[in-house]
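Each chain carries a letter (A, B and C) given by its place in the written order, and its residues are counted from 1.
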Amino acid sequence: MTMQYEVKLPVFEGPLDLLLYLIKKNELDIYHIPIAEITDQYLRYVEFMRTLNLDLAGEYLVLAATLLHIKSRLLLPRSEDEEDDTEDPRAELVEQLVTYQAFREAAKALDRRPQLEREVFTRGSGDVRVDEGQKSVGEWEEIGLFELIDAFQRVLKRMKPQQILEIEGEQLSLVQIISELKEKIQRAGRLMFQELFEDQKSRKRIIYTFLAVLEMVRRKMISIYQLSPLSSIYLFYEGDGIDVNE
Amino acid sequence: MLTNNLKNIIEAIIFTSDSPISVDKIHSILSAEGFEKREIVQILKELKEEYFLRQGGFTLEEVAGGYQFRTRPEYAGWIRKLKSSRVNPLSPAALETLAIVAYQQPITKMEIDRFRGVDSGGVIRGLMERRLVKIVGRKEIPGRPILYGTTKRFLEMFNLKDLSELPTVKELQDLEGYEGKRK
Amino acid sequence: MLTNNLKNIIEAIIFTSDSPISVDKIHSILSAEGFEKREIVQILKELKEEYFLRQGGFTLEEVAGGYQFRTRPEYAGWIRKLKSSRVNPLSPAALETLAIVAYQQPITKMEIDRFRGVDSGGVIRGLMERRLVKIVGRKEIPGRPILYGTTKRFLEMFNLKDLSELPTVKELQDLEGYEGKRK
(Lines give C-alpha, C1' and ligand atoms only; values in the text may rest on other atoms or scores of the structure.)
Protein backbone atom coordinates (compact mmCIF):
# COMPACT_ATOMS: atom_id res chain seq x y z
CA MET A 1 0.00 0.00 0.00
CA THR A 2 1.70 3.20 -1.08
CA MET A 3 0.11 6.34 0.15
CA GLN A 4 0.86 9.96 -0.40
CA TYR A 5 0.17 11.33 3.00
CA GLU A 6 1.57 11.58 6.40
CA VAL A 7 -0.57 12.02 9.44
CA LYS A 8 0.93 13.07 12.68
CA LEU A 9 -0.41 11.38 15.74
CA PRO A 10 -2.34 13.44 18.17
CA VAL A 11 0.68 14.45 20.20
CA PHE A 12 -0.87 13.56 23.51
CA GLU A 13 0.04 9.91 23.71
CA GLY A 14 3.34 8.16 23.93
CA PRO A 15 4.80 4.68 24.32
CA LEU A 16 4.28 4.58 28.10
CA ASP A 17 0.61 5.40 27.55
CA LEU A 18 0.33 2.49 25.15
CA LEU A 19 1.98 0.12 27.60
CA LEU A 20 -0.26 1.24 30.46
CA TYR A 21 -3.26 0.97 28.17
CA LEU A 22 -2.41 -2.63 27.35
CA ILE A 23 -1.80 -3.48 31.01
CA LYS A 24 -5.17 -2.02 31.95
CA LYS A 25 -6.98 -3.59 29.03
CA ASN A 26 -5.68 -7.04 29.99
CA GLU A 27 -6.26 -6.38 33.70
CA LEU A 28 -2.65 -7.14 34.54
CA ASP A 29 -0.72 -6.39 37.71
CA ILE A 30 1.79 -3.70 36.92
CA TYR A 31 4.34 -5.39 39.23
CA HIS A 32 4.07 -8.76 37.50
CA ILE A 33 3.83 -8.02 33.82
CA PRO A 34 3.94 -11.09 31.57
CA ILE A 35 6.61 -9.57 29.36
CA ALA A 36 6.40 -11.99 26.42
CA GLU A 37 2.69 -11.48 25.97
CA ILE A 38 2.70 -7.74 26.47
CA THR A 39 5.66 -7.33 24.11
CA ASP A 40 3.74 -9.16 21.36
CA GLN A 41 0.69 -7.00 21.85
CA TYR A 42 2.77 -3.85 21.96
CA LEU A 43 4.56 -4.74 18.73
CA ARG A 44 1.28 -5.56 16.99
CA TYR A 45 -0.04 -2.11 17.89
CA VAL A 46 3.06 -0.36 16.69
CA GLU A 47 2.98 -2.41 13.50
CA PHE A 48 -0.66 -1.51 12.89
CA MET A 49 0.04 2.17 13.38
CA ARG A 50 2.90 1.87 10.91
CA THR A 51 0.71 0.22 8.27
CA LEU A 52 -1.51 3.28 8.55
CA ASN A 53 1.58 5.30 7.72
CA LEU A 54 1.26 7.19 10.98
CA ASP A 55 4.22 9.30 11.82
CA LEU A 56 5.31 7.46 14.95
CA ALA A 57 7.61 9.08 17.45
CA GLY A 58 10.94 7.31 17.62
CA GLU A 59 10.32 6.66 21.30
CA TYR A 60 7.79 3.94 20.41
CA LEU A 61 10.58 1.95 18.82
CA VAL A 62 12.94 2.62 21.71
CA LEU A 63 10.43 1.11 24.11
CA ALA A 64 9.86 -1.81 21.72
CA ALA A 65 13.61 -2.51 21.85
CA THR A 66 13.59 -2.26 25.65
CA LEU A 67 10.72 -4.77 25.86
CA LEU A 68 12.48 -7.19 23.52
CA HIS A 69 15.65 -6.87 25.54
CA ILE A 70 13.85 -7.63 28.81
CA LYS A 71 12.10 -10.54 27.16
CA SER A 72 15.39 -12.04 26.00
CA ARG A 73 16.97 -11.60 29.40
CA LEU A 74 14.07 -13.41 31.04
CA LEU A 75 14.49 -16.27 28.61
CA LEU A 76 18.18 -16.69 29.33
CA PRO A 77 18.98 -19.50 31.72
CA ARG A 78 20.66 -18.14 34.81
CA SER A 79 24.35 -18.83 34.89
CA GLU A 80 25.81 -20.62 37.89
CA ASP A 81 28.02 -17.83 39.15
CA GLU A 82 25.18 -15.32 39.23
CA GLU A 83 23.75 -14.63 42.62
CA ASP A 84 20.31 -15.92 43.37
CA ASP A 85 18.73 -12.59 43.95
CA THR A 86 19.67 -11.00 40.64
CA GLU A 87 17.52 -8.04 39.92
CA ASP A 88 14.33 -8.65 38.01
CA PRO A 89 15.03 -7.35 34.48
CA ARG A 90 11.59 -5.75 34.56
CA ALA A 91 12.35 -3.67 37.66
CA GLU A 92 13.50 -0.50 35.93
CA LEU A 93 10.60 -0.46 33.50
CA VAL A 94 8.10 -1.11 36.29
CA GLU A 95 9.56 1.75 38.29
CA GLN A 96 9.23 4.04 35.28
CA LEU A 97 5.64 2.96 34.68
CA VAL A 98 4.63 3.40 38.31
CA THR A 99 6.11 6.87 38.44
CA TYR A 100 4.51 7.76 35.14
CA GLN A 101 1.17 6.49 36.38
CA ALA A 102 1.47 8.62 39.51
CA PHE A 103 2.04 11.71 37.37
CA ARG A 104 -0.92 10.83 35.20
CA GLU A 105 -3.01 10.70 38.36
CA ALA A 106 -1.56 14.07 39.35
CA ALA A 107 -2.56 15.44 35.95
CA LYS A 108 -6.09 14.10 36.38
CA ALA A 109 -6.33 15.56 39.88
CA LEU A 110 -5.20 18.88 38.47
CA ASP A 111 -7.80 18.64 35.75
CA ARG A 112 -10.54 17.97 38.29
CA ARG A 113 -9.88 21.28 40.04
CA PRO A 114 -12.17 24.18 39.20
CA GLN A 115 -10.35 25.82 36.34
CA LEU A 116 -10.40 29.48 35.42
CA GLU A 117 -12.50 30.14 32.31
CA ARG A 118 -13.83 26.60 32.46
CA GLU A 119 -15.66 26.27 35.80
CA VAL A 120 -14.96 29.59 37.41
CA PHE A 121 -14.95 33.03 35.90
CA THR A 122 -13.77 36.39 37.02
CA ARG A 123 -15.53 39.66 36.53
CA GLY A 124 -15.92 40.87 32.97
CA SER A 125 -14.32 37.79 31.47
CA GLY A 126 -17.12 36.99 29.06
CA ASP A 127 -18.51 38.61 25.98
CA VAL A 128 -21.98 38.05 24.81
CA ARG A 129 -23.08 35.41 22.39
CA VAL A 130 -25.57 32.64 22.71
CA ASP A 131 -24.16 29.29 21.82
CA GLU A 132 -26.57 26.38 21.75
CA GLY A 133 -26.38 22.64 21.50
CA GLN A 134 -23.11 21.83 23.20
CA LYS A 135 -22.63 18.57 24.98
CA SER A 136 -22.52 18.81 28.71
CA VAL A 137 -19.16 17.56 29.82
CA GLY A 138 -19.46 15.22 32.74
CA GLU A 139 -21.74 12.55 31.34
CA TRP A 140 -19.29 11.95 28.54
CA GLU A 141 -15.89 10.44 28.90
CA GLU A 142 -13.18 11.70 26.59
CA ILE A 143 -11.34 8.82 24.98
CA GLY A 144 -7.77 8.41 23.87
CA LEU A 145 -5.94 7.36 20.76
CA PHE A 146 -5.55 3.70 21.61
CA GLU A 147 -9.25 3.19 22.30
CA LEU A 148 -9.90 4.77 18.94
CA ILE A 149 -7.46 2.46 17.19
CA ASP A 150 -9.14 -0.51 18.89
CA ALA A 151 -12.52 0.67 17.67
CA PHE A 152 -11.15 1.11 14.17
CA GLN A 153 -9.72 -2.40 14.18
CA ARG A 154 -13.15 -3.71 15.19
CA VAL A 155 -14.67 -1.82 12.25
CA LEU A 156 -12.15 -3.38 9.87
CA LYS A 157 -12.78 -6.86 11.25
CA ARG A 158 -16.53 -6.59 10.86
CA MET A 159 -16.18 -5.85 7.20
CA LYS A 160 -16.47 -8.79 4.88
CA PRO A 161 -13.62 -8.95 2.40
CA GLN A 162 -15.99 -8.99 -0.58
CA GLN A 163 -17.47 -5.74 0.71
CA ILE A 164 -14.26 -4.00 0.02
CA LEU A 165 -13.49 -3.18 -3.55
CA GLU A 166 -10.23 -1.60 -4.42
CA ILE A 167 -10.97 1.16 -6.84
CA GLU A 168 -7.94 1.51 -9.00
CA GLY A 169 -6.35 4.87 -9.08
CA GLU A 170 -9.04 6.49 -6.99
CA GLN A 171 -8.00 10.04 -6.35
CA LEU A 172 -8.34 10.85 -2.69
CA SER A 173 -7.00 13.66 -0.67
CA LEU A 174 -6.96 13.90 3.08
CA VAL A 175 -7.80 17.58 2.88
CA GLN A 176 -10.90 16.76 0.86
CA ILE A 177 -12.07 14.10 3.29
CA ILE A 178 -11.45 16.35 6.27
CA SER A 179 -13.60 19.06 4.76
CA GLU A 180 -16.39 16.58 3.96
CA LEU A 181 -16.29 15.18 7.47
CA LYS A 182 -16.21 18.62 8.97
CA GLU A 183 -19.33 19.64 7.13
CA LYS A 184 -21.12 16.47 8.15
CA ILE A 185 -20.25 16.75 11.83
CA GLN A 186 -20.89 20.47 11.93
CA ARG A 187 -24.37 19.93 10.54
CA ALA A 188 -25.22 17.10 12.92
CA GLY A 189 -23.42 18.41 16.00
CA ARG A 190 -22.15 14.92 16.66
CA LEU A 191 -21.61 11.69 14.75
CA MET A 192 -21.18 8.10 15.73
CA PHE A 193 -17.67 6.87 14.92
CA GLN A 194 -18.79 3.51 13.49
CA GLU A 195 -21.26 5.22 11.15
CA LEU A 196 -18.43 6.94 9.34
CA PHE A 197 -17.37 3.67 7.79
CA GLU A 198 -20.70 2.32 6.66
CA ASP A 199 -21.27 2.35 2.92
CA GLN A 200 -17.58 2.93 2.32
CA LYS A 201 -16.56 0.74 -0.56
CA SER A 202 -12.83 1.04 -0.77
CA ARG A 203 -10.23 0.13 1.80
CA LYS A 204 -8.25 3.18 0.91
CA ARG A 205 -11.21 5.41 1.63
CA ILE A 206 -11.82 3.72 4.98
CA ILE A 207 -8.25 4.26 6.05
CA TYR A 208 -8.24 7.84 4.84
CA THR A 209 -11.41 8.49 6.81
CA PHE A 210 -9.79 7.17 9.96
CA LEU A 211 -6.68 9.26 9.35
CA ALA A 212 -8.87 12.30 8.80
CA VAL A 213 -10.43 11.71 12.22
CA LEU A 214 -6.98 11.57 13.83
CA GLU A 215 -5.89 14.74 12.10
CA MET A 216 -9.07 16.54 13.13
CA VAL A 217 -8.54 15.53 16.74
CA ARG A 218 -5.03 16.84 16.56
CA ARG A 219 -6.23 20.15 15.16
CA LYS A 220 -8.91 20.29 17.84
CA MET A 221 -11.69 20.45 15.23
CA ILE A 222 -13.43 17.57 16.93
CA SER A 223 -13.27 15.75 20.22
CA ILE A 224 -14.08 12.14 20.89
CA TYR A 225 -16.29 10.95 23.69
CA GLN A 226 -18.13 7.91 24.82
CA LEU A 227 -20.70 7.41 27.58
CA SER A 228 -19.04 4.34 29.06
CA PRO A 229 -16.17 2.03 28.14
CA LEU A 230 -17.00 -0.10 25.09
CA SER A 231 -20.13 1.91 24.28
CA SER A 232 -20.44 3.75 20.99
CA ILE A 233 -17.88 6.42 20.28
CA TYR A 234 -19.10 9.85 19.23
CA LEU A 235 -17.31 12.67 17.48
CA PHE A 236 -18.26 16.17 18.56
CA TYR A 237 -17.69 19.26 16.52
CA GLU A 238 -15.44 21.74 18.30
CA GLY A 239 -14.73 24.47 15.79
CA ASP A 240 -12.56 25.38 12.84
CA GLY A 241 -9.57 24.07 14.69
CA ILE A 242 -6.11 25.43 15.09
CA ASP A 243 -3.17 25.42 12.80
CA VAL A 244 -0.73 23.07 14.41
CA ASN A 245 1.82 23.04 11.66
CA GLU A 246 3.94 25.84 13.02
CA MET B 1 -13.30 56.53 58.35
CA LEU B 2 -15.64 53.89 59.68
CA THR B 3 -14.73 50.22 59.63
CA ASN B 4 -17.73 49.47 57.47
CA ASN B 5 -16.38 51.97 55.05
CA LEU B 6 -13.00 50.24 55.07
CA LYS B 7 -14.71 46.96 54.29
CA ASN B 8 -16.50 48.56 51.37
CA ILE B 9 -13.33 50.11 50.04
CA ILE B 10 -11.53 46.76 50.19
CA GLU B 11 -14.48 45.10 48.51
CA ALA B 12 -14.50 47.73 45.76
CA ILE B 13 -10.74 47.38 45.25
CA ILE B 14 -10.92 43.59 44.91
CA PHE B 15 -13.93 43.97 42.63
CA THR B 16 -12.05 46.29 40.26
CA SER B 17 -8.70 44.52 40.25
CA ASP B 18 -8.31 42.34 37.19
CA SER B 19 -6.04 39.82 38.91
CA PRO B 20 -5.97 38.39 42.43
CA ILE B 21 -4.85 41.19 44.72
CA SER B 22 -2.54 40.54 47.67
CA VAL B 23 -2.92 41.83 51.22
CA ASP B 24 0.31 43.80 50.72
CA LYS B 25 -1.09 45.52 47.67
CA ILE B 26 -4.32 46.46 49.43
CA HIS B 27 -2.24 47.66 52.35
CA SER B 28 -0.11 49.87 50.13
CA ILE B 29 -3.19 51.43 48.50
CA LEU B 30 -4.62 52.21 51.92
CA SER B 31 -1.26 53.19 53.42
CA ALA B 32 -2.11 56.89 53.64
CA GLU B 33 -4.90 56.03 56.09
CA GLY B 34 -2.54 54.30 58.50
CA PHE B 35 -4.33 50.96 58.64
CA GLU B 36 -2.46 48.00 59.93
CA LYS B 37 -2.10 44.88 57.88
CA ARG B 38 -3.83 42.71 60.44
CA GLU B 39 -6.94 44.91 60.24
CA ILE B 40 -7.05 44.29 56.52
CA VAL B 41 -6.50 40.57 56.99
CA GLN B 42 -9.37 40.51 59.48
CA ILE B 43 -11.72 42.29 57.09
CA LEU B 44 -10.77 39.98 54.23
CA LYS B 45 -11.64 37.05 56.44
CA GLU B 46 -15.01 38.59 57.25
CA LEU B 47 -15.76 39.34 53.60
CA LYS B 48 -14.84 35.84 52.52
CA GLU B 49 -17.12 34.39 55.19
CA GLU B 50 -19.93 36.75 54.22
CA TYR B 51 -19.85 35.72 50.56
CA PHE B 52 -19.59 32.09 51.50
CA LEU B 53 -22.68 32.28 53.73
CA ARG B 54 -24.63 34.29 51.19
CA GLN B 55 -24.49 31.38 48.72
CA GLY B 56 -24.83 33.70 45.74
CA GLY B 57 -23.60 33.51 42.17
CA PHE B 58 -19.98 34.27 43.05
CA THR B 59 -17.69 34.10 46.08
CA LEU B 60 -14.47 35.65 47.33
CA GLU B 61 -11.58 33.24 46.81
CA GLU B 62 -7.96 33.09 47.87
CA VAL B 63 -5.84 32.30 44.81
CA ALA B 64 -2.20 32.73 43.83
CA GLY B 65 -1.39 34.67 46.99
CA GLY B 66 -4.27 37.13 46.59
CA TYR B 67 -8.00 37.65 46.71
CA GLN B 68 -10.43 37.57 43.80
CA PHE B 69 -14.17 37.27 43.22
CA ARG B 70 -14.97 34.18 41.19
CA THR B 71 -18.23 32.61 40.05
CA ARG B 72 -19.29 29.37 41.68
CA PRO B 73 -18.43 26.30 39.57
CA GLU B 74 -22.07 25.12 39.39
CA TYR B 75 -22.99 28.03 37.12
CA ALA B 76 -20.24 27.37 34.57
CA GLY B 77 -22.66 25.92 32.03
CA TRP B 78 -24.69 29.12 31.88
CA ILE B 79 -21.69 31.36 31.70
CA ARG B 80 -20.15 29.36 28.91
CA LYS B 81 -23.29 30.12 26.92
CA LEU B 82 -22.43 33.77 27.32
CA LYS B 83 -18.91 33.44 26.06
CA SER B 84 -18.06 33.71 22.40
CA SER B 85 -14.47 32.60 22.44
CA ARG B 86 -13.88 29.04 23.46
CA VAL B 87 -10.93 28.50 25.69
CA ASN B 88 -8.42 26.19 24.22
CA PRO B 89 -8.39 23.35 26.74
CA LEU B 90 -5.07 21.91 27.85
CA SER B 91 -4.28 18.64 26.09
CA PRO B 92 -3.60 15.54 28.21
CA ALA B 93 0.09 15.86 27.28
CA ALA B 94 0.15 19.46 28.47
CA LEU B 95 -1.60 18.58 31.73
CA GLU B 96 0.75 15.67 32.32
CA THR B 97 3.81 17.83 31.72
CA LEU B 98 2.37 20.58 33.88
CA ALA B 99 1.80 18.11 36.72
CA ILE B 100 5.40 16.88 36.46
CA VAL B 101 6.74 20.43 36.55
CA ALA B 102 4.44 21.35 39.46
CA TYR B 103 5.53 18.39 41.58
CA GLN B 104 9.20 18.18 40.63
CA GLN B 105 10.18 21.81 40.19
CA PRO B 106 12.77 23.02 39.57
CA ILE B 107 13.18 20.45 36.81
CA THR B 108 15.10 20.16 33.52
CA LYS B 109 13.65 19.23 30.15
CA MET B 110 15.66 16.03 30.13
CA GLU B 111 14.12 14.94 33.44
CA ILE B 112 10.63 15.69 32.12
CA ASP B 113 11.37 13.67 28.96
CA ARG B 114 12.50 10.74 31.06
CA PHE B 115 9.34 10.77 33.18
CA ARG B 116 7.07 10.96 30.15
CA GLY B 117 8.99 8.65 27.85
CA VAL B 118 8.71 11.14 24.99
CA ASP B 119 10.27 14.40 23.91
CA SER B 120 8.48 17.26 25.64
CA GLY B 121 10.02 20.25 23.88
CA GLY B 122 6.86 21.30 22.05
CA VAL B 123 4.67 20.82 25.09
CA ILE B 124 6.98 22.86 27.33
CA ARG B 125 7.03 25.65 24.80
CA GLY B 126 3.23 25.60 24.64
CA LEU B 127 3.02 25.81 28.43
CA MET B 128 5.47 28.71 28.42
CA GLU B 129 3.39 30.51 25.80
CA ARG B 130 0.35 30.07 28.00
CA ARG B 131 2.43 31.46 30.87
CA LEU B 132 1.87 28.39 33.04
CA VAL B 133 5.54 27.41 33.08
CA LYS B 134 8.64 29.60 33.22
CA ILE B 135 12.41 29.35 33.34
CA VAL B 136 13.58 29.54 36.94
CA GLY B 137 17.33 29.10 36.58
CA ARG B 138 19.99 26.64 35.57
CA LYS B 139 21.02 23.39 37.13
CA GLU B 140 24.61 23.41 38.33
CA ILE B 141 25.69 20.29 36.50
CA PRO B 142 27.78 19.99 33.32
CA GLY B 143 26.00 21.73 30.48
CA ARG B 144 24.06 23.89 32.98
CA PRO B 145 20.61 22.89 31.64
CA ILE B 146 17.62 25.20 32.06
CA LEU B 147 15.35 24.61 35.04
CA TYR B 148 11.59 25.03 34.73
CA GLY B 149 8.95 25.83 37.32
CA THR B 150 5.30 26.84 37.47
CA THR B 151 4.10 30.45 37.42
CA LYS B 152 1.68 32.52 39.44
CA ARG B 153 -0.71 32.22 36.53
CA PHE B 154 -0.67 28.46 37.04
CA LEU B 155 -1.97 28.99 40.58
CA GLU B 156 -4.62 31.39 39.28
CA MET B 157 -5.75 29.02 36.59
CA PHE B 158 -6.19 26.07 38.94
CA ASN B 159 -7.70 27.97 41.83
CA LEU B 160 -4.72 27.28 44.09
CA LYS B 161 -3.69 29.39 47.06
CA ASP B 162 -0.16 28.01 46.76
CA LEU B 163 1.64 24.84 45.71
CA SER B 164 1.12 23.18 49.08
CA GLU B 165 -2.56 22.88 48.20
CA LEU B 166 -1.75 20.21 45.62
CA PRO B 167 -2.34 16.64 46.83
CA THR B 168 0.91 14.79 47.60
CA VAL B 169 2.12 12.05 45.29
CA LYS B 170 1.46 9.58 48.13
CA GLU B 171 -2.17 10.71 48.34
CA LEU B 172 -2.54 10.28 44.61
CA GLN B 173 -1.10 6.78 44.72
CA ASP B 174 -3.51 5.80 47.50
CA LEU B 175 -6.28 7.06 45.27
CA GLU B 176 -5.08 4.85 42.47
CA GLY B 177 -5.05 1.96 44.93
CA TYR B 178 -1.91 0.29 43.67
CA GLU B 179 0.05 0.79 46.87
CA GLY B 180 -1.43 -2.43 48.22
CA LYS B 181 -0.20 -4.36 45.25
CA ARG B 182 3.42 -3.71 46.12
CA LYS B 183 5.01 -6.95 47.13
CA MET C 1 -34.50 24.57 39.11
CA LEU C 2 -35.20 26.62 42.20
CA THR C 3 -35.81 30.32 42.00
CA ASN C 4 -32.83 30.97 44.23
CA ASN C 5 -30.73 29.07 41.76
CA LEU C 6 -32.10 31.18 38.92
CA LYS C 7 -31.18 34.28 40.88
CA ASN C 8 -27.65 33.01 41.31
CA ILE C 9 -27.32 32.16 37.66
CA ILE C 10 -28.46 35.63 36.64
CA GLU C 11 -26.09 37.16 39.18
CA ALA C 12 -23.19 35.08 37.83
CA ILE C 13 -24.04 36.00 34.24
CA ILE C 14 -24.11 39.72 34.98
CA PHE C 15 -20.90 39.39 37.00
CA THR C 16 -19.00 37.76 34.12
CA SER C 17 -20.35 39.86 31.27
CA ASP C 18 -17.87 42.52 30.23
CA SER C 19 -20.57 45.03 29.27
CA PRO C 20 -24.07 45.80 30.57
CA ILE C 21 -26.28 42.86 29.69
CA SER C 22 -29.91 43.29 28.61
CA VAL C 23 -32.95 41.41 29.86
CA ASP C 24 -33.38 39.96 26.36
CA LYS C 25 -29.85 38.57 26.37
CA ILE C 26 -30.33 36.98 29.77
CA HIS C 27 -33.65 35.61 28.59
CA SER C 28 -32.10 34.04 25.50
CA ILE C 29 -29.36 32.37 27.57
CA LEU C 30 -32.01 30.89 29.84
CA SER C 31 -34.46 30.14 27.04
CA ALA C 32 -33.93 26.39 27.17
CA GLU C 33 -35.33 26.39 30.71
CA GLY C 34 -38.57 28.00 29.58
CA PHE C 35 -38.46 31.03 31.87
CA GLU C 36 -40.61 33.96 31.03
CA LYS C 37 -39.16 37.38 30.62
CA ARG C 38 -41.21 38.84 33.43
CA GLU C 39 -39.72 36.29 35.86
CA ILE C 40 -36.26 37.50 34.89
CA VAL C 41 -37.31 41.13 35.21
CA GLN C 42 -38.68 40.36 38.68
CA ILE C 43 -35.43 38.72 39.79
CA LEU C 44 -33.35 41.58 38.45
CA LYS C 45 -35.47 43.96 40.50
CA GLU C 46 -34.91 41.86 43.61
CA LEU C 47 -31.16 41.63 43.02
CA LYS C 48 -30.89 45.36 42.51
CA GLU C 49 -32.80 45.99 45.71
CA GLU C 50 -30.64 43.50 47.60
CA TYR C 51 -27.39 45.16 46.57
CA PHE C 52 -28.81 48.58 47.30
CA LEU C 53 -29.81 47.59 50.83
CA ARG C 54 -26.53 45.84 51.48
CA GLN C 55 -24.66 49.13 51.06
CA GLY C 56 -21.46 47.35 50.04
CA GLY C 57 -18.56 48.33 47.82
CA PHE C 58 -20.51 47.87 44.60
CA THR C 59 -24.13 47.79 43.45
CA LEU C 60 -26.18 46.48 40.55
CA GLU C 61 -27.00 49.29 38.13
CA GLU C 62 -29.16 49.71 35.08
CA VAL C 63 -27.00 51.28 32.39
CA ALA C 64 -27.18 51.54 28.61
CA GLY C 65 -30.22 49.29 28.41
CA GLY C 66 -28.64 46.55 30.48
CA TYR C 67 -27.48 45.50 33.93
CA GLN C 68 -23.97 45.80 35.32
CA PHE C 69 -22.23 45.69 38.69
CA ARG C 70 -20.47 48.95 39.41
CA THR C 71 -18.44 50.21 42.34
CA ARG C 72 -20.09 52.98 44.33
CA PRO C 73 -18.91 56.44 43.27
CA GLU C 74 -17.60 57.29 46.76
CA TYR C 75 -14.78 54.77 46.37
CA ALA C 76 -13.53 56.17 43.08
CA GLY C 77 -10.48 57.70 44.73
CA TRP C 78 -9.21 54.36 46.00
CA ILE C 79 -9.83 52.65 42.72
CA ARG C 80 -7.83 55.31 40.90
CA LYS C 81 -4.98 54.49 43.28
CA LEU C 82 -5.25 50.84 42.34
CA LYS C 83 -5.25 51.61 38.63
CA SER C 84 -2.26 53.92 38.83
CA SER C 85 -0.22 51.41 40.80
CA ARG C 86 -0.73 48.75 38.20
CA VAL C 87 2.31 47.73 36.22
CA ASN C 88 1.72 47.57 32.52
CA PRO C 89 2.91 44.32 31.01
CA LEU C 90 5.66 44.61 28.41
CA SER C 91 4.41 44.88 24.84
CA PRO C 92 5.54 42.30 22.27
CA ALA C 93 7.72 45.01 20.67
CA ALA C 94 9.31 45.81 24.03
CA LEU C 95 9.96 42.14 24.77
CA GLU C 96 11.49 41.62 21.35
CA THR C 97 13.78 44.63 21.76
CA LEU C 98 14.70 43.54 25.26
CA ALA C 99 15.62 40.09 23.97
CA ILE C 100 17.86 41.62 21.28
CA VAL C 101 19.61 43.85 23.81
CA ALA C 102 20.01 40.95 26.25
CA TYR C 103 21.60 38.63 23.71
CA GLN C 104 23.59 41.15 21.68
CA GLN C 105 24.76 43.64 24.28
CA PRO C 106 26.51 45.99 24.11
CA ILE C 107 24.50 47.12 21.09
CA THR C 108 23.71 50.40 19.32
CA LYS C 109 20.26 51.63 18.38
CA MET C 110 21.11 51.29 14.70
CA GLU C 111 21.96 47.62 15.18
CA ILE C 112 18.70 47.03 17.07
CA ASP C 113 16.78 48.76 14.26
CA ARG C 114 18.46 46.49 11.74
CA PHE C 115 17.45 43.36 13.68
CA ARG C 116 13.87 44.46 14.05
CA GLY C 117 13.44 46.13 10.67
CA VAL C 118 11.76 49.12 12.31
CA ASP C 119 12.80 52.18 14.26
CA SER C 120 13.15 51.25 17.92
CA GLY C 121 13.75 54.67 19.46
CA GLY C 122 10.44 54.79 21.34
CA VAL C 123 10.69 51.24 22.57
CA ILE C 124 14.26 51.74 23.85
CA ARG C 125 13.18 54.87 25.69
CA GLY C 126 10.31 52.95 27.27
CA LEU C 127 12.66 50.19 28.38
CA MET C 128 15.02 52.75 29.87
CA GLU C 129 12.17 54.38 31.76
CA ARG C 130 11.32 51.02 33.22
CA ARG C 131 14.99 50.62 34.11
CA LEU C 132 15.35 47.39 32.14
CA VAL C 133 17.87 48.84 29.68
CA LYS C 134 20.67 51.33 30.32
CA ILE C 135 23.48 53.10 28.49
CA VAL C 136 26.73 51.18 28.93
CA GLY C 137 29.13 53.24 26.83
CA ARG C 138 29.88 54.39 23.31
CA LYS C 139 31.03 52.41 20.33
CA GLU C 140 34.42 53.48 19.04
CA ILE C 141 33.36 54.04 15.44
CA PRO C 142 32.68 57.32 13.61
CA GLY C 143 29.87 59.14 15.34
CA ARG C 144 30.54 57.21 18.57
CA PRO C 145 26.96 55.89 18.91
CA ILE C 146 25.54 55.01 22.30
CA LEU C 147 25.76 51.37 23.42
CA TYR C 148 22.87 49.80 25.34
CA GLY C 149 22.82 46.89 27.73
CA THR C 150 20.48 45.31 30.26
CA THR C 151 20.26 46.30 33.93
CA LYS C 152 20.32 44.48 37.23
CA ARG C 153 16.59 45.08 37.39
CA PHE C 154 16.25 43.12 34.16
CA LEU C 155 17.88 40.12 35.84
CA GLU C 156 15.57 40.47 38.84
CA MET C 157 12.48 40.74 36.69
CA PHE C 158 13.27 37.54 34.82
CA ASN C 159 14.60 35.65 37.79
CA LEU C 160 18.11 35.37 36.40
CA LYS C 161 21.20 35.10 38.53
CA ASP C 162 23.36 36.51 35.75
CA LEU C 163 23.31 36.82 31.97
CA SER C 164 24.79 33.35 31.51
CA GLU C 165 21.46 32.01 32.74
CA LEU C 166 19.66 33.27 29.65
CA PRO C 167 18.62 30.35 27.46
CA THR C 168 20.95 30.09 24.48
CA VAL C 169 19.65 30.28 20.94
CA LYS C 170 20.32 26.54 20.66
CA GLU C 171 18.27 25.81 23.77
CA LEU C 172 15.40 27.86 22.41
CA GLN C 173 15.53 25.82 19.23
CA ASP C 174 15.36 22.62 21.26
CA LEU C 175 11.96 23.76 22.43
CA GLU C 176 10.73 24.00 18.86
CA GLY C 177 8.76 20.84 19.45
CA TYR C 178 9.43 17.42 18.20
CA GLU C 179 7.10 17.85 15.27
CA GLY C 180 9.45 20.19 13.53
CA LYS C 181 12.51 18.33 14.62
CA ARG C 182 11.56 15.06 13.08
CA LYS C 183 10.99 16.39 9.63
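Basically, contacts are C-beta pairs under 8 Å (C-beta built on N, C-alpha and C of every residue); 3 or more make two chains touch, one makes a residue touch a chain.
In this text, all values refer to a predicted model and were calculated from it rather than measured experimentally.
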| item | value |
| --- | --- |
| Most remote chain, CA-based centroid, reference being subunit A | C |
| Chain with minimal offset from the mean of all protein Cα atoms | B |
| Distance between chain centroids, defined by C-alpha means - subunit A, subunit C (Å) | 37 |
| Subunit B-subunit C separation of Cα centroids, rounded to whole Å | 17 |
| Whole-Å gap separating subunit A and subunit B, where each centre is the average of the chain's CA atoms | 30 |
| Multi-partner residues of subunit C (at least 2 other chains) | 12, 15-17, 21, 29, 69, 177-180 |
| Per-residue multi-chain contacts in subunit A, two or more chains | 11, 57, 121-128, 130, 132 |
| In the complex, subunit C residues that touch subunit B | 4, 7-13, 15-17, 21, 29-30, 55-58, 69, 71-72, 75, 78-79, 81-83, 85, 158-161, 164-165, 167, 171, 174-181 |
| For the subunit A and subunit C complex, residues of the former touching the latter | 8, 11, 55, 57-58, 121-128, 130, 132, 244-246 |
| Residues on subunit B engaged by subunit A in the complex (per definition of touch) | 15, 18, 61, 68-73, 76-77, 79-93, 95-96, 98-100, 102-103, 115-119, 122-123, 156-160, 166-167, 169, 172-173, 175-176, 178, 181-183 |
| Complex contact set, residues of subunit A against subunit B | 10-16, 29-31, 57, 59, 63, 96, 98-111, 113-132, 134, 136, 144, 220, 238-239, 242 |
| Subunit A-facing residues of subunit C, complex | 12, 15-19, 21, 25, 28-29, 32, 69, 177-180, 182 |
